[in-house]
Structures are given as C-alpha cells and as structure tokens.
Amino acid sequence: MSGYFKDIITGLKSLAVGLQITNKEFLTKPITLQYPHVAVKMTPRYRGHIELLKDPETGMNSCICCGMCEKGCPSGCITVKSEKRPGVKGKVLTAYILNFTTCSLCGQCVDNCKPGAIGFSNEYNLASTRREDYIYDLLQKLHPEGVPEPEVDPELLKKELEKQEAAKKAAAAKKEPAQKAPAKEGGESKAEEKS
Amino acid sequence: MSSLAQSQLRETFELNIGPQHPATHGVLRIKVVMDGEYIDRAEPILGYIHRMHEKMGENRTWNQFWPNMGRLDYLSAIAYNHCYAGLMERAMGIVVPERAEYIRVITAELNRIQSHLLGFGAYIMDLGGFTPLMYAMDEREQILDLLESVTGSRLTYCYFRFGGVYNDIDDDFITGTRAFLKRFRPQIPMYHKLVTGNVILMNRLIGVGPLSAEICRKYGATGPVLRGSGVNYDIRRNEPYSVYPELDFDIPVYHECDSMARYMVRMDEMLQSCRIIEHALNKLPEGPVMAEKVPKALKPPKGDYHYAVEAARGTFSMRTVSDGTNTSYRMRLRSPTYSNVSLFEEASRGMLLSDALAFLGSLDPVIPEMDR
Amino acid sequence: MDRAKIKRELEELAAEGLPAEQPQEEAPVEVQAEGEGEDKAKAKKEEDVPRKNGLIETDYATRGAHLDVQINPDQVVRAAEILDSEGMTLELVTGVDWIKEGQFEVIYDYSYAGGQLFRVVVRARVDRNNPDIPTVCHVYGGANWHERETWELLGINFVGHPQLEHFLLPEDADFYPLRKDFKP
Amino acid sequence: MNELIRLLSYMIGLAAFLGLNLAYLGWVERKGAGHIQRRTGPKEVGPYGLLQPLADGLKLMSKQLIIPANADRALYMCAPILVMVPAVLLFVAIPFGEHLVPREFNFSLIMMFAFASMGGMSILIGGWGSGNKYSLIAATRAVSQNVAYEIPMLITAINIVLITGSMDLNEIVRQQGGYIWNWNVFRLDKSLLMPVSFLVFFICTLAETNRTPFDMGECEGELIAGYHTEYGGMGFGLFMMAEYANLVIGCSLTTVLFLGGWQCPLGLFPGPHWFLIKMYFLIWSFVWIRWTFPRTTFWALLNLSWKYLIPFSLVNLLLTALFIKVF
C-alpha cells in the first residue's frame, strides 16, 4: 500500500518535471532558420554537383580530356566530348556532360582528375520538375556567355599542317601504283608549298 | 502469453503493419495475425527497397563501390565507410597514417551520436511524444553541420578512402566539435528528465520486449540490443580496430533485457562517444591523412577477407572474395538490423500490439540497411 | 568457449568427411601463414585445384578469421552444433558461385560474443546442378533469414528450411541474381 | 417574440463563438507546439500565421470525398455529422456569465453527461463504418476508454452536486461566489480531497476528449490515424473540429464545476471574462500536456482508471457525504 502512494507521487513529480522543461523551451526563442528568407552559407567543402574549374591564368578550363573521370564514375554519369583542333596542343573539350540524375556525389571523378580540372560546386538550389534540367553541360556552365575558342599556336599549326600534308602524301604514295594522276597532283602541291 | 490468447475460442484477423506505417520508419512490412489486441504471429516482410548492393559490388571496381557504403545505413554511414576502408586495407596491406585513423574515429563517433539521437527521437515519436524528436533534431543538426564542413555531405558520406580520408580536418572543425560537446553534454540529463523519468514512458518500456542473452546469441543480434541483454560485446573493444584501443571509453551494459535497457544503452553510448571524441581530439597527432603509394587500381590478392566494425546498430561486417582482379568476386554485407529484426517474429509472439511496436522501435531498425 | 576443443573437434569432423580411398593425400592440411613463400605456394596450390576439406589456421590480421574449415555439406549441422555448444554466434550465412568448378560454396561465419576474439569460418561446397545442403535453422534461429536470402539470391536449396519463400526479391522472381551466369 | 429574438441571438452568438474557437484552437495548438519544440509554428499565411485556419479549411473543403469500397456507406457518411451534433448541442447549458446562459434549467449537469456519451458512439460508428481494421481497433479502444473514464467523472460530479445541492450549472457557479477559497476545488471544509478530486476530473476530461497522452482513438504510432484513418476532406475536418469542440466543452465544465465559472477570485467584477480566462488557461494546459508526454498504452489507461481514479473518487464521495452529515 505504501508503494501505491509512492508510485502516485513519483509519477506526478516526473510529469511535473517534464512540463517544466517544455515550459522553459516554450519561453525561449525558436532556433529555426526561415529558409527561403534566410539561407545558410554553404561550407567551402560542400559537395554540390561537380563543375569545371577556371584556370585563373588562361581563363579556360584545364581539362586534358583523358576521360579518367568518365572511367572512374560508378554510375557512368559523365560524358566527355573532345576533338582535335588544328593548332592547339592536345585535345579540345567540346562538351562535358554531367547527368546529375544518377550522380551520387562520391567524388571519384575529382579524385581521378590529374590536372585538377574539376571540383565540387556550392550550388544546392537544384530543384526542378523536369528531368532534362539535370543534364548539365559543365562547359556551358563555366562559360555562360559562350565558350571561348582556344588560342591557336601558329608554330604548332604550321607543324601540324606540314604533318598533315606529309601524311596525305604518304597516303597518295601508297595509292600511286594504282592511280598515277593523283600522285602527280600531290607532287605539285608539295612543290607549291616549298616555293 | 495471456490466457485470452491461449484460449481455444479465438478469432484471429490479419493486420498489415506497413509498408507505409508511421511506426516502421520506412518501408518495412509486418504481417501480423492478431487475436484481439494480442499478436499471434508477426512476420516481417522485407525487400521493398532492396537494391542488390552485393551484385553491384561484383560489377564495380573497388573504388567505384565507395558511394554504396553511404547508402546502406544512411544514419551511420561513416561506420560503413570505416568497414570498407578497413577491409581493403586488410586485403592490400595498406598502413594508414595515424592522423587519418584519429580523424576516422572522431567522425565515426560524431556519426554515432547523430544516429543515436535520431534513434532516440524517432523512438519516442513512435511512443507518441513528438517534442523530444525536435530537440534531438536540433542537436543532430549541429553534428550534421560539423560533418558537412569536413566531408562535404550531410547524410550519405563518402569520406574515407583506401589509406586515409578524403581531406584533413581544420581548426574550425576542432573548435566546433569541442563547442558541440560542451553544448551537448548537458542535454542528455535534460532528455532523461523529460523522457526517461516520465512515468508514462517507464510504464511503456520497463519489462516490454524481454530478450534473453541466449536468444540474442541464437539470432546473432548485436549492438545495443545485445548490450541491453547483459552481454558486454562491442567490436570496438572485443575486436579492436583503428585506434580504439588507445582511447578511453566504457561499454555501457544493462542487464534488464527489456526495451528500457536497450534505450538506456543508446543514451549512455552517446556520452561515451563524447568521451572518445574528446580524448581523440586531445591526442590528435600531426601528419598526413593519406597513406603513400596507394595504387589507383586495386587488385587484392586472391582469397577471402573479413572485416567487422561497430556501427550504431551493431556489428557491421563485410566478407569479400577476391579473385585477384579489380572487382570483387563476391561481396557480402552483413548488416546488424537484419539479424536484430529477425528475432522479432519469435520474440513478439503473444505481445500486445502497442508493446510489440515499442519493442520494434527499441531494435532501432533502419530499413535500407536490412534490405540492402 | 574452448578454442583448442573447437579446433580439435572441427578437425576431426573435416577428416571424417574425406573420401576413404585417398586418406594419405588428403589428410587435414595445416598451414600457418608465416612466410611469404609458403603463402605463395598455398596460393598456387589453390589456383590449381579446388580446396580439399580440412582445417586451416588463418592469420587474423590479413584474413579476419582464425579458423577456416572446409567440410562436406552434410556435416554443416554437426559443425553448427559443435560451435553452438561452445557458445559461438552465427554471424552470417552466405554463398559463392564458383562457376568454373561447377560448385557453390556456402560460408558460415561464426564469432564469439563472450569476450575473447575468435572467428571461425565454416565452408562447404555443393554441386552446382544439385545444390542441396541441410539447414542449420533448428540450431541457430538466426540462420533462417540468412539461408532464405542465400536461397533466393543464389538458388542454394537448404533442405529442411521451414520457409523458403521469396524475401527480398519480388514474389514472382524466377532468377537467381547472384549467380555468375545471371543476365539481367 | 422576445424569447424568439433571444434564442436567435444566442444561436448566432454561439455559432460565432464556436466557429472562432474551432478554427483558432488549431492555430493555438500548432503555434504552441512549435514554440515548445524550438520552432515557430505557422507564420507564412497572414501575420503570425493567423490566416492559417482559413487556408486549412479551404483546403479541406476543396478535397475530393472518397468513400472506401469496403465502407458502410450510410454509417461512414453520418459519423462525422453525428460527432458534431452533441459537441454543438452541449453549449446550450454552459453558463458563460451570470445572465449569459443560452438556456438555464435544473438538470443541465445531467444533460451534459448524457450528450457527451454520444461522442463515443459516433466514434464507434465512424470506426466501424470505415471498414478498416485499424479504424475498428481504434474505435473499440476509444469507446471502452470513454466508458471507463465516465465512471470516475460522474462520481466526481456527484461530489459537486452533494456540496452545492443543485444540478443546475449556473446555480453551481453562483454558490462559488466571493473569494477564491469558495471555489469547489478549494472547498476543504466540505471534503479534504477536493483538490485531488479536481485532478481526477481533469484527467478524466483529458481522456474523454481523446487527447494525448490518452489518445487511444487515434494513436498514430500504432493505428495510423485511428478511427478517422479513412476520412479525408471535410469528413476529417469535422472529426478534427469535434475534438476541439469537446475540448472547449470539457474545459468549460471543469471551470464551472471546480474553478468558479464566471466568478472572480477576489470577488470583484464577476463576468464572462473570468470564465474565458479560466477556460483558456485549461485549454492551454491541455495543449501543453499534449506536446510534453508520450502516449500511454491502452491497458495502462484502464489500469489508471480502475486502480487510481475510481478508488480516489469513491473515497472522496464518502468523505464528502461524511463531512456534510457531520458538520
């Protein structure tokens, strides 16, 4: 019987303690951040979707189009498109397509990138109702006003052209036994160039 | 079991708890045969978010499997990162720099506190008290902010790498963590006052869902479930990995075997994690955070490897069979709640519906981790 | 838990299961992973032929287990009983598809929760075309779900299992995704 | 003619009072819950979120009414209406002020209890009519809970009748005039256990209105949303509003029976404002309790009723009878 009253008293006491705590919290200021009106500053290491980084010296990206990010990606969401341009060393990036719908933000691509051409962006307001909105061309994002043409190195261009011609000539030389006329033409062009 | 449930004149009916139910924390379905308010038979049905991570492991290179580790138990992803890193380091014989190990332990323990906080809040919400969840969320946000500042993500961390961690921690993180610990420590007594001491909650938890140590052993239950049944088993002490042997902490063990004991183990573990973090921060050495000479394409020698860590819900272990190539031949993930929940069918027999849900909550299931 | 006892009994069990005609060649192998040369020799040997039944003491630091026993499929229940009587816990059951050898390997991972660090791996190989292996459900209740999952994903039939029904996969799944010849 | 005008004005006044309460108690609850939980609660719709109830109502009314295939159509449709009827009807007998009573009559206390039991019935009808197992379990729980808690409640009410010698609510209030110690809750000269009696009555009101920690009817952790799981749109809205109406009535009754109704604690300027202050204080305490405590189990609930509340109220009844006889 003594346990009976003790139970009641301790029980009521525990309830009163709980009420006290919530009352205290009621009187303190709320801590929520009113998101659309106020936004948190993202930490510098925040991992948004990846982005191409601008090389401060050239103002271009430093991608060498090796495709390591593409290979390393677990979900295969990166497509690197590149082409060879006359007079430019290495390949030129024409499109860097990130399919963000399948990206898991693991950072393997950033790890794999030797020249450090990609990094994480700080963007987080990415909501959209259409799937197509998540297929980004990172090159377009880097240069929204239009992708600048890479600088053409005139010496390199000259060398390349020479090489091309040499290759053409070699190809023509191969065909020579079959067709003689084109070989002649090839010979002429070579002569012109020399002069 | 009550005499009511045992009586011959009974009429049972089937009740589907889930897959969409407030008490199942996700898409777990429990097919219950009820006899009035008593449970005759409860069969958990899994697989609603089965993603076949094990097959993914066979099709991806070792490095590419990293993001999967954050998506098993989304609440204690760092422990899972830790297990995978440890497994491959064991297979490849990589020695991890000490600073990296300390960072791993600090982040893993922060993650554990975060997981237990949500577990605590969600459990009380199952029992009808909504306010503690919000208080727990408040503290949890602090941890998420800290972890975000170092790992870059808030929930599905992919922070560890073979041979170290992705990036070093800075002074802001260290001061932030210390400030958090200072702020968080007094919160636990507040939770105890508000929740644990409450007579209503005590009535709901004490003596509910008794689990003997023997049934835990038979079913392979681990973590707070096992420690609530009086077995002092924690991988961090019993099978020491990383730098845990160098750190001071105790393993909370309760012998009551009921839901309250499991709940109390989690609450005490949060304080112990605080101790670990504090000690690790004090001992944090200088140095690199990545091992040198970690090959880009890993090819562990043939054979099978096993590694276990203590995740927030119990022993998480991985067994992988390597055939010497850059993908695994077989990857097996042993998730703790899979075993913990498997005893629900046996233990819930003859329980009241409300008690059974209190019991299920005390097992603290995370469904993506069970379904894998 | 008595480590020596477990080792002795499992060794006897593995020896029992060896075919009678070649007793000398297939005596229980006991290799201690010490030197590199020995490891390599072992690895080479493993490459050539599937492993014979027997007990190996493995290095915990590199493998994550202390004892590694291979036994016949019909002996897994006895192995489970031996380990159960010593208070070990069945941590997981899983299977591996060795398609080249035409076999499935069923792996049982045992650990000890009583304080000492001790992990035992028990493996058994079954024929790929006729994958029957007795269940250990009645010894370890926890094996129920693990075996069910292994059956579902690999198609290994656990004879005597109370409930071999679809679990993780949809109810109408008629494929075994973890088999190596599975094409989605 | 005079009587007709009086009736009409009371009807309009009551409807306005009720409508305002039903709409804004939801707001009070959400705002209170928010601040208790370190949040702000509704704040976007109108200043301080004051237009939120309007927006909620519009949303509920514009929703499609879906009748589940398994449901008993007639019962399903009439349950939300039935649950509102007693809730509105009971306001007839509540004395807001000395002369501000819609209808003063001798047995208003009995009438309160009689109609209050109708709420339990309509919950049962709704739960049964939904054709859902969760609803059915919840409905049976709610009804047995209501029955169990009506006993201590009635016994406590008999106390009051013994003390005041009247079943007219206004008369009961009138007898508590003067200073604060004349309120029934402090009438220690009539029975030493009167404060305990008040507590018993308070707990019973909490249980009768199906609010946390006694919300067995809709414990959302176990039974999704209890008896109104299958209701959407205004069907759900009516159940919701009936809950708040019952809350107002429960608190009014507690105020009238124990806290001196429209009487001032110091005996100065009695009037409806005192009634409202006391009632809203009680309502706030209900909100406060709801957002502090977890839910009990059904069995703990019945235990509380039979092991604690009923014995205490019985002892109190005997004590009161003794005091009245002796002194």
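Order as written gives the chain letters A, B, C and D; numbering starts at 1 within each chain.
Operating definition for what follows: a contact is a pair of C-beta atoms (placed from the backbone, for glycine too) under 8 Å apart; a residue touches a chain by one contact, two chains touch by 3 or more.
Because the structure is predicted, anything quoted here is derived from the model rather than measured.
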Minimal step count in the chain contact network, chain A to chain C: 2
Least hop count linking chain A to chain D through chains in contact: 1
Central chain (distance from its CA mean to the mean of all protein CA atoms): B
By count of C-beta pairs in contact, the leading pair of chains: B-C
Distance-maximising chain from chain A - centres being C-alpha averages: D
Centre distance in Å when chain B and chain D are each reduced to the mean of their C-alpha atoms: 43
Geometric centre distance via CA averages, chain B-chain A, whole Å: 34
Inter-centroid spacing, chain C versus chain B (mean Cα positions, whole Å): 27
Distance between the centres, which are taken as Cα means, of chain D and chain C, whole angstrom: 65
Chain D, residues touching no fewer than two other chains: 36-39, 291-293
Touching two or more other chains - residue numbers and ranges from chain C: none
Multi-chain contact sites of chain B, meaning residues that touch two or more partners: 131, 135, 138, 194-195, 198, 200
Pairs of chains satisfying the touch condition: A-B, A-D, B-C, B-D
Complex contacts: residues of chain A adjacent to chain B: 7, 10-12, 14-15, 17-18, 21-22, 25, 31, 43, 45-47, 72-75, 104-108, 111-112, 120
Chain C to chain B touching residues, read off their complex: 43, 46-47, 61-65, 87, 89-92, 94, 96-97, 107, 109, 111, 113-115, 117, 119, 121, 140-142, 144-145, 153, 166-170, 177-178
Contacting residues of chain D [partner chain B, same complex]: 33, 36-39, 133-134, 137, 212-213, 215, 219-222, 224, 291-300
Contacting residues of chain A [partner chain D, same complex]: 8, 15, 18-19, 21-23, 25-26, 28, 30-32, 34
Residues of chain D defined as touching chain A within the complex: 32, 34-40, 43, 288-289, 291-293, 308
